[in-house]
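What follows is a set of notes on a single structure, which appears directly below.
We just call them A, B and C in the order they show up, numbering each chain from 1.
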Amino acid sequence: MSGGDIAAIFQGAIVTVTLSLIGILIGLPIGLGLALLRWANVPVLARIVALYVSVSRATPLVTLLLLLFFALPNIGVPVSPTSAAVLALVMNTSAFNCEVWRSALANFPKDQYEAAQSVGMRAGLRFRRIVLPQIVRVSLPGLVNEMSMLIKATPALAVVGVVDITRAAVRIGAQTYKPLPPFLVAIALYVPIVFVLVSLQRWIERRQLAAKVAA
Amino acid sequence: MIHDFGIVWSERALLLSGFANTAILSALSAVVALLLGCILTPALMSKHQAVSGAARVFVDGMRCVPFLLLAYIVYYGLPSLGIRFDNWTSGLAALIIYNAAYMAEILRGAWVVQPREPIEAGVAFGFSEIKLFRRIILPPLLLSAGPVLGNQMIQIVKDSAFLTIIAIPELTHAASSIQSRHYVPFAAFITAVFLYWGLCLVIEAGVSSVGRVAEARR
Amino acid sequence: MAQLVLDVAGISKRYGDVEVLRDVSFQVGKGETVCVLGPSGSGKSTLLRCINWLERPDAGQIYLNGAQVGITGGGLVMGDRDLSRIRTRIGMVFQHFALWPHLTVLQNLMEAPVQVQKRDKAEVRDEALALLAKVGLSEKRDSFPAKLSGGQKQRVGIARALAMRPDLLLFDEPTSALDPELVGEVLVVMRDLARDGMTMVIVTHEMGFAREAATRVLFLDHGRAVETGSPERFFSNPETERARQFLQRYAGDAAGGRR
């Protein structure tokens, strides 16, 4: 395995991280928006969101990606591999985020909300100043968990030709007839990225548990 | 559009065999991964540092690596060490090894929040280690972790779709074949999506019936 | 004293810097009911847990019917198997009941006799049913613990311990997690056991019960066995200042506590 090969896998790492970040950053607010639609029980829309979430949670990223990549051009929407990848990641992660946000909203203490009403806060202010800060706290471990799940799902992007870490490693293995070294490099790249998130999640959970015990 | 679904219908045998393969792969690996997870959990909780450390490295390692990478390592990587499996065996082995780590971590999470007294009662009544785990600790764990274990089973179904890449004729692979043969991408893949959904609804129904059993035994 | 069942000889235990038990010694004869009293944190639970080696004492010996607990004849610390064999002869009743949530009431009673003692299932079942009748819970045999009241749970806890046919029964504050109106039903069962000659060590804050049912009380303070003697003497005329202070706080309960 040459230095160029290692550089190629690092190139893949940039793709993996960039696409994951874009997916996470777009998926987070969309997930929250979907959760709010369900929380407020907006007629029809809440139902549609529920169905969307249920189906998306059951759909493998590979399958969703193939669907988008091949079917969108079919109905006249041209897509590049990258845009199909981003769209699939966002659809996938927003469904999971929606569930995390929704359960935080569902367990939000009613008296908190009423206290905000009783001091005359209007809906927008109430949400921004009272509800959001608290549900962010509760949702954080679940959201971080979903981020690491998203990163672990990104090798699916290879089916439409995106060259991420895994794809780059497989390619080099096939060219050099020595598949193990590039796989080891790939592991060495994934482990720190995901381990940071896993540790972050554990740290948040432990801190919140300690805060609860102290209270 | 209707015509496209007609084409998919004419290929239903292919699609159904893909569906059956996905179901078999998932069910088999879910059961075996759960069993292995049950064995791995006491190792994670072991008082012996060496045992718990080794288990922790394995579990955290699996949790930090994408499933597809593991499947590739088993399928393409191991042969260079002289260990060669066909794609079915590789895929199944990867699914099992990978998810056993997740199952173990889920059970460990449920274990640490279990009340201590009933377990201590088991010790006081003379249960020795293995029997204590099997008869006193494990059953409530499986019940209380039911929903999370169910989520993991759904994850297994989804992981199995990656195996299309090493040419295992599972559901996504079948949909791909139909799409490339007839160029009906939407109809082919959306049908696959709904079949996946159906499978997950079955799992969820199973979980909620376990939930009813668990409710009485809180 | 009648035949010696339990001999605790100079037990000490510390957690880090905290000395929880300091050189505690006492003996329990067959058929005796010894109530262990003392303020919170004085080491009562730790003492009980040392008796069946749920905690390993740092110093001292424990003998059950003359055989040492926790240490083999060769002077080594017992392994899992030897400890398990001894523990089957020491029953334990827990403060929070500690019933196994996944088993029905009857299964809770049968689990250890069948699985650990390997006794005949049919025989164990008959005995378990008789025990359930004795604690007045025959009709609950197929319920899960979650469906029982606290008092019922604790009566199951006692029956479960009895199903092992133990030589000695340990109770750690068996009524302190109960609503006041449920305490009586559990004490009735315990009083019957005392009358039937069960050998028991009971940690309790129920002074009325201790006064009436104990053959002897042991007063623990800061990990020391400060006083031991007959309940009449202890309650009417304690020897130490600490015991006097302790009893003063329970004065109301001790006077009016005959349930």
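What we mean here is this: a contact is a pair of C-beta atoms (placed from the backbone, for glycine too) under 8 Å apart; a residue touches a chain by one contact, two chains touch by 3 or more.
These numbers come from a predicted model, not from an experiment.
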Exercise for review: Would you identify the chain whose C-alpha centroid lies closest to the centroid of all protein C-alpha atoms displayed?
Suggested key: B
Point to revise | Identity of the chain that, by mean CA position, is farthest from chain A | key: C
Exercise for review: State, to the nearest whole Å, the distance from the C-alpha centre of chain A to the C-alpha centre of chain B.
Suggested key: 20
Revision key, fill the gap. Distance in whole angstrom between the CA centres of chain A and chain C is 54
Exercise for review: Calculate how many whole Å lie between the centre of chain B and the centre of chain C, each centre taken as the average of the chain's C-alpha atoms.
Suggested key: 45
Check your understanding: In their complex, what parts of chain C are in touch with chain B?
Key -> 52, 54, 80-81, 84-88, 90, 92, 94-103, 111-112, 115-117, 144-147, 160, 164
Revision key, fill the gap. Counting only contacts in the complex, chain B reaches chain C at residues 115, 117-118, 120-129, 131, 135-136, 139-140, 143, 216-218
Review point. Residues of chain A touching chain B in their complex?
Key: 54-55, 57-64, 66-67, 70-71, 74-75, 148, 151-156, 158-159, 165-166, 169-170, 173-174, 178-180, 183, 186-187, 190-191, 194-195, 198
Check your understanding: Which part of chain B faces chain A closely enough to touch in the complex?
Key -> 60-61, 63-69, 72-73, 76-77, 80-81, 154, 157-162, 164-165, 171-172, 175-176, 179, 185-186, 189-190, 192-194, 196-197, 199-201
